[in-house]
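Sharing a structure below in structure tokens format, with a few things to ask.
We just call them A, B and C in the order they show up, numbering each chain from 1.
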């Protein structure tokens, strides 16, 4: 009931201040806030409250532990790197899918959603089976270059690219599809070279979507658990990811510490996403 | 398509080849590994693992969970995209960020938060016990955790498109006297229906495949609170690799069917709508 | 305009009732949930069948027995959070102590059943590859350079804690052995570990399927099972000169059975573990039976070796857990940077 009440309050504010010709703000915003509040905000409030039962100094001690810091470095570093790698890769896939006609295009289009559809644990098992040094891909790589991928940070990175990439593709693709060719044609008619057209017309139009895809892919990769634990090796200070530490703390009956790490991850991720949103707004404004 | 906007044929071929190579390495190889492992001893043992009672019960549970989580997120996602794309109000950026937030919340945390609230030691734990209501380690917990994890899918698919389309058409409808719901169903929905369907399909695929969050709230009781991904893990841990990968293949197939349905719809609708003309 | 509020509220109520109104898992007095740890899957599957036969032969209604398996700590944690276990059969007493700590089980639980409430025991052995190429004979051989060791993480795995304590006990026993040399030994060992899985099963898979490491520290029963499941791998079990007596305990969860009215069934279930047939069943699944006659029957299946107890070497699980595995304990020092 309280959730319904709070859900309605902003709707009324909206009606008073932001009234427009178009009706329906109250209903849609009401549903949105009820949905957001019940499923996301109330549970996250529990997460925000829990850590403080060990006091600020307790929380600080948990977070400044060398092992926790190392896990954060790995989780955030690998996720950022995975998102960066997804930028050109995602752009490539989105471009090829929307702009070209070739046999197998539909298949490719469907295939890139696979990481959404494949259970993360299955993906983890499959990738470990592939990349371990007795696997299909791992064995030749180990034989030819002496590379080991599974149980190393690079294994974590590959798993994260797998989960982050579809977010990039699916953020860019609809915009690229809807992006009218007229702009490009006009530029070409005015004598612009293909590179100039891409750089001045297409890329700026895609920039907000690229930022969105980056943020979503990064965010998803930071918290990824199922596909990573199988391939990571889970060595403290080296290949141990932050979500695994949360599980470890929970199993030691240390809820407050688990919640503290969870909250810190969330706040950090939230700040990064907020920064990306501001960047996106700045980019959009630059275009207008 | 105008010649001026075409890329040189060699460039096209190069980019397509690159994309295909990456697709094989990143997407196809894990998929192939799953099916190969499942069929290692032929098709019969794989089928046996799928029709076994515990596997069937896991399937039922997975479908049931998705049947609740997906509609809830569809309703919320549509409402949110509409409000955000078609109206101006303070705090809009914040709202978008909040809606995206579950993507960046570790699945482990999304399980943990419901334990903090509904666990025996949690906020409502004592009350729930008194009234003999079980939330976590039962169906409601699985539904909640799944809803949380798949929360942004529909909104994220619709929002960029709705923002791109602007609000002129809706405003015109409103000027002609249409109400909010009418405007939505007559004007907005036809413009975004395929994106919506795509979002729903993705949301559903993810709901059926979720592992980390449901693992925390499931309790892993065979035949009762095991979803398909958890059943895969159990079989794997019992050295029944063929069975584990057989059930995993089924999940992958469900995902592939979802993706094929989406692709097919896009194919049939592309021409009349003329998006790619 | 007028329909806004009711519609929004109706949607909310519909969603809320769908989510919250689902009743608790319908369970009658003839259902039983056994929450157990990882490597007991095969044993309890067989035992459940045997127990159901036994129970119905007494003229009782046929019970439905469910099991849940996972890392011992995680399982205890789930029961604390409300998983409605009637009985717990975990890897170590510390995890059941945690349940007692929170009032779910009577504090004196370990005295309620014979043999410290541990109907079967096990120990820690070394599993090596075909032909034992690194010539592993005892704990000391593990610490040689170039030997790569697979063990789960003691923070999350009960079995891994037994592994760690077994090595510690061996190191203390060496000439000049002390807490300092024992800490050196475990530090050296964990430096040679390339992959730390969170549970015993994960480590076995990493060792056998992914071909990582030269030796796996493993439960005795888990090692035998690996031999059985992967005959083509040619694995060999090495018994060290000294190991630890692992006593996986069982207990009725008082609060849950009293609420659900399943006490009689739960107690009968656990007591049945001590009958000769069940002891024999435990032996076929490579758990060491408590019943001496049946242990003797099993003959060379369980080679004799010196086994020390946690009580003798570490003064009980409470102390061992605090000193070694809690945050800031000895295990954490191993991974301190700069060492």
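What we mean here is this: a contact is a pair of C-beta atoms (placed from the backbone, for glycine too) under 8 Å apart; a residue touches a chain by one contact, two chains touch by 3 or more.
For reference, the UniProt names are A = Sulfate transport system permease protein CysT; B = Sulfate ABC transporter permease subunit CysW.
All of these numbers come straight from a predicted model, not from anything done at the bench.
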Q: For this assembly, give the contact graph shape among line, ring, star, complete and other.
A: complete
Q: If you tally C-beta pairs in contact for every chain pair, which pair wins? Let me know.
A: A-B
Q | Approximate Å spacing (C-alpha centroids) for the pair chain A, chain B | A | 14
(Q) What's the distance between the Cα centroids of chain A and chain C, rounded to whole Å? (A) 36
Q | chain A residues counted as touching two or more neighbouring chains | A | 23, 27, 30-31, 34-35, 129, 247, 250
Q: Among the residues of chain C, pick out those that touch two or more other chains and give their numbers.
A: 11, 15, 80, 209
Q: Quick one: which residues in chain B touch 2 or more of the other chains?
A: 72, 75, 121-122, 144, 236
Q | Contacting residues of chain A [partner chain C, same complex] | A | 3-4, 7-8, 11, 23, 26-27, 30-31, 34-35, 38, 65-67, 70, 128-129, 132-134, 150-151, 229, 233-237, 240, 244, 247-248, 250-254, 257
Q: Note which residues of chain C are touching chain B in the complex, please.
A: 11, 15, 18-20, 22-25, 33, 38, 41-42, 66-70, 78, 80-84, 102, 199, 201-202, 205, 209, 225, 229
Q) Touching chain A in the complex: which residues of chain C? A) 1, 3-5, 7-9, 11-12, 15-16, 71, 73-74, 77, 80, 98, 153, 155-156, 193-198, 209-212, 325-327, 332, 335-337
Q | Touching residues on chain A, where the partner in the complex is chain B | A | 10, 14, 17-18, 20-25, 27-32, 34-36, 39-44, 46-47, 50, 89, 92-93, 95-100, 102, 104, 106, 108-123, 125-127, 129-130, 136-137, 161-162, 165, 167, 170-171, 174-175, 177-178, 181, 184-185, 188-189, 194, 197, 209, 212, 215-216, 218-220, 222-226, 242-243, 246-247, 250, 255, 258-259, 262, 265-266, 269-270, 273-274, 277-278, 281
Q. Which residues, counting only chain B, touch chain C once they are in their complex?
A. 68, 72, 75, 115, 118-122, 125, 128-129, 132-140, 143-144, 219-225, 234, 236-239, 241
